[in-house]
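Have a look at this one before I ask anything.
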Amino acid sequence: MKKRELQILLDKQEIYEVVLRYCRGIDRVDMDLVRSCYWPKAVDHHTGFTGTRDQYVTWVEPLVRGFTGTMHLVGNHLVEIEGNVARSETYGTAYHWGEPAKDSRRNFVSGFRYVDKFERRKGVWRIARRHAVREWTLRVGEEQRLEREGEGPVGSRDSADPLYLSID
Amino acid sequence: MKKRELQILLDKQEIYEVVLRYCRGIDRVDMDLVRSCYWPKAVDHHTGFTGTRDQYVTWVEPLVRGFTGTMHLVGNHLVEIEGNVARSETYGTAYHWGEPAKDSRRNFVSGFRYVDKFERRKGVWRIARRHAVREWTLRVGEEQRLEREGEGPVGSRDSADPLYLSID
Amino acid sequence: MKKRELQILLDKQEIYEVVLRYCRGIDRVDMDLVRSCYWPKAVDHHTGFTGTRDQYVTWVEPLVRGFTGTMHLVGNHLVEIEGNVARSETYGTAYHWGEPAKDSRRNFVSGFRYVDKFERRKGVWRIARRHAVREWTLRVGEEQRLEREGEGPVGSRDSADPLYLSID
């Protein structure tokens, strides 16, 4: 069997899941989960911010809480692994909604790429460096709000979210 | 070789493909394909609906046919497997277009998460419970229609779709 | 171990990465990378174009360069492999931005499906036939531009893009 190819597949999946846990952490405002995606001394470059992991979390948490909700949808995930480091590029769109609905600083969509350097230490992959490349921002005005609807399952940032339902 | 890790990888892929076949089933209006994604007694919670698999299909089919077309694009797929059950979260955006083009009830985009409980029975993974969490709805008005263009390959809900071309 | 299932998993990953390299090639305007995704005699069907690989690249490059930037975000990737051929369907949305910002021919989002026939030759998977199905086009007008922001990492079509940073 192709041991090496299969190990690379496992590595790619592990790296992909770190990216997904980061998104979940931000969207559910689970800052411990966000923190767990980075090595402690990792450097994050965001629009308007550069700093270490803990500095980043301190900076981003109040921004995230300023919205009613966010959704970081990611697609393309292309990884090149070289030993214990990896280059990981992830494409995504981030939806932000808040009050008042007509405030385009509280209601916008952005297109981004996470260009990450991952490092594996003691068998665990985490982000060692991130560039969150902002590609575009689409401001949503009064006419075209990101509306919530109330007739069915809705998302929540606490334990009421269906994500936390038991699967027993 | 890491047998257990590889089996989990195969399971995740199988679960992912069930989610994708569900999307294809809705978008091509192939209701048998939709049905095949659920266990018969599965419960589906959608905006404005809760019921079993067959009740869901009965409810959703005329809604889907009310549009000219739909496209359920999914990204983030994060799964936790515990024996023969799994928690699966999928992020997506659903595009709906129809006539008249200026009717925002026929032309909108929604952001959702499928929060699913999957069950494996006799080696097969299917949905046992679904919460389709509606995160936001973006109504598309007269100014910004989801237009069709006719100069090249277009989608279809019947055998004319390129999806059904032979690959021989 | 399930050798056959694991080989299929490796094949699917390889096919997925070809699709991703195509997107990267277009978005970074790396036409050699685009070309490397197809077999030389592959036929590509796009909106307003049908032709071979090289004809396609000749046609598409000036179109791509006519925009300030593009981003081809893909999600759903569903593949059926039959020996050395495969049917691959990929869902995506393509964001295009350019000048002037109020020109909706330079600023639009499209929804598409790549319906591909892949062929494996000497162990390598590439596109043998592509139908780029245009599902919808959303024109972005003066009110709702795809804006660039300058305070942090921005994308580039040359070696300045963070993608090309060393990971040493």
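We call the chains A, B and C, going by the order they appear; numbering starts again at 1 in every chain.
Keep this in mind: a residue touches a chain if its C-beta (ideal position, glycine included) is under 8 Å from a C-beta of that chain, and two chains touch if they have at least 3 such contacts.
Computed from a predicted structure; not experimentally measured.
Visitor: Are the two sides of the chain A and chain C contact the same residues or different ones, given that same means over half of the numbers occur on both copies?
Guide: Looking at both copies, the contact residues mostly diverge.
Visitor: Rounded to the nearest 5 degrees, what is the angle of the rotation relating the C-alpha atoms of chain A to those of chain B?
Guide: 120
Visitor: Between chain A and chain C, tell me the centre distance in angstrom, where each centre is the average of that chain's C-alpha atoms.
Guide: Chain A and chain C have C-alpha centres separated by 22 Å.
Visitor: Could you pull out the residues of chain B that touch at least 2 other chains?
Guide: 1, 6, 9, 75, 92-93, 140, 143-144
Visitor: Would you tell me which residues of chain B are touching chain C in their complex?
Guide: Going by the criterion above, the answer is residues 1, 3, 6-7, 9-10, 13, 17, 20-21, 23-24, 69, 71-75, 92-93, 95, 97, 140, 143-149, 151-155, 161-163, 165, 167-168.
Visitor: Provide the residue numbers of chain A that touch chain C in the complex, in ascending order.
Guide: 1-2, 5-6, 9, 12, 45-50, 75-78, 82, 85-87, 89, 91-93, 111, 113, 115, 117, 131-141, 143-144
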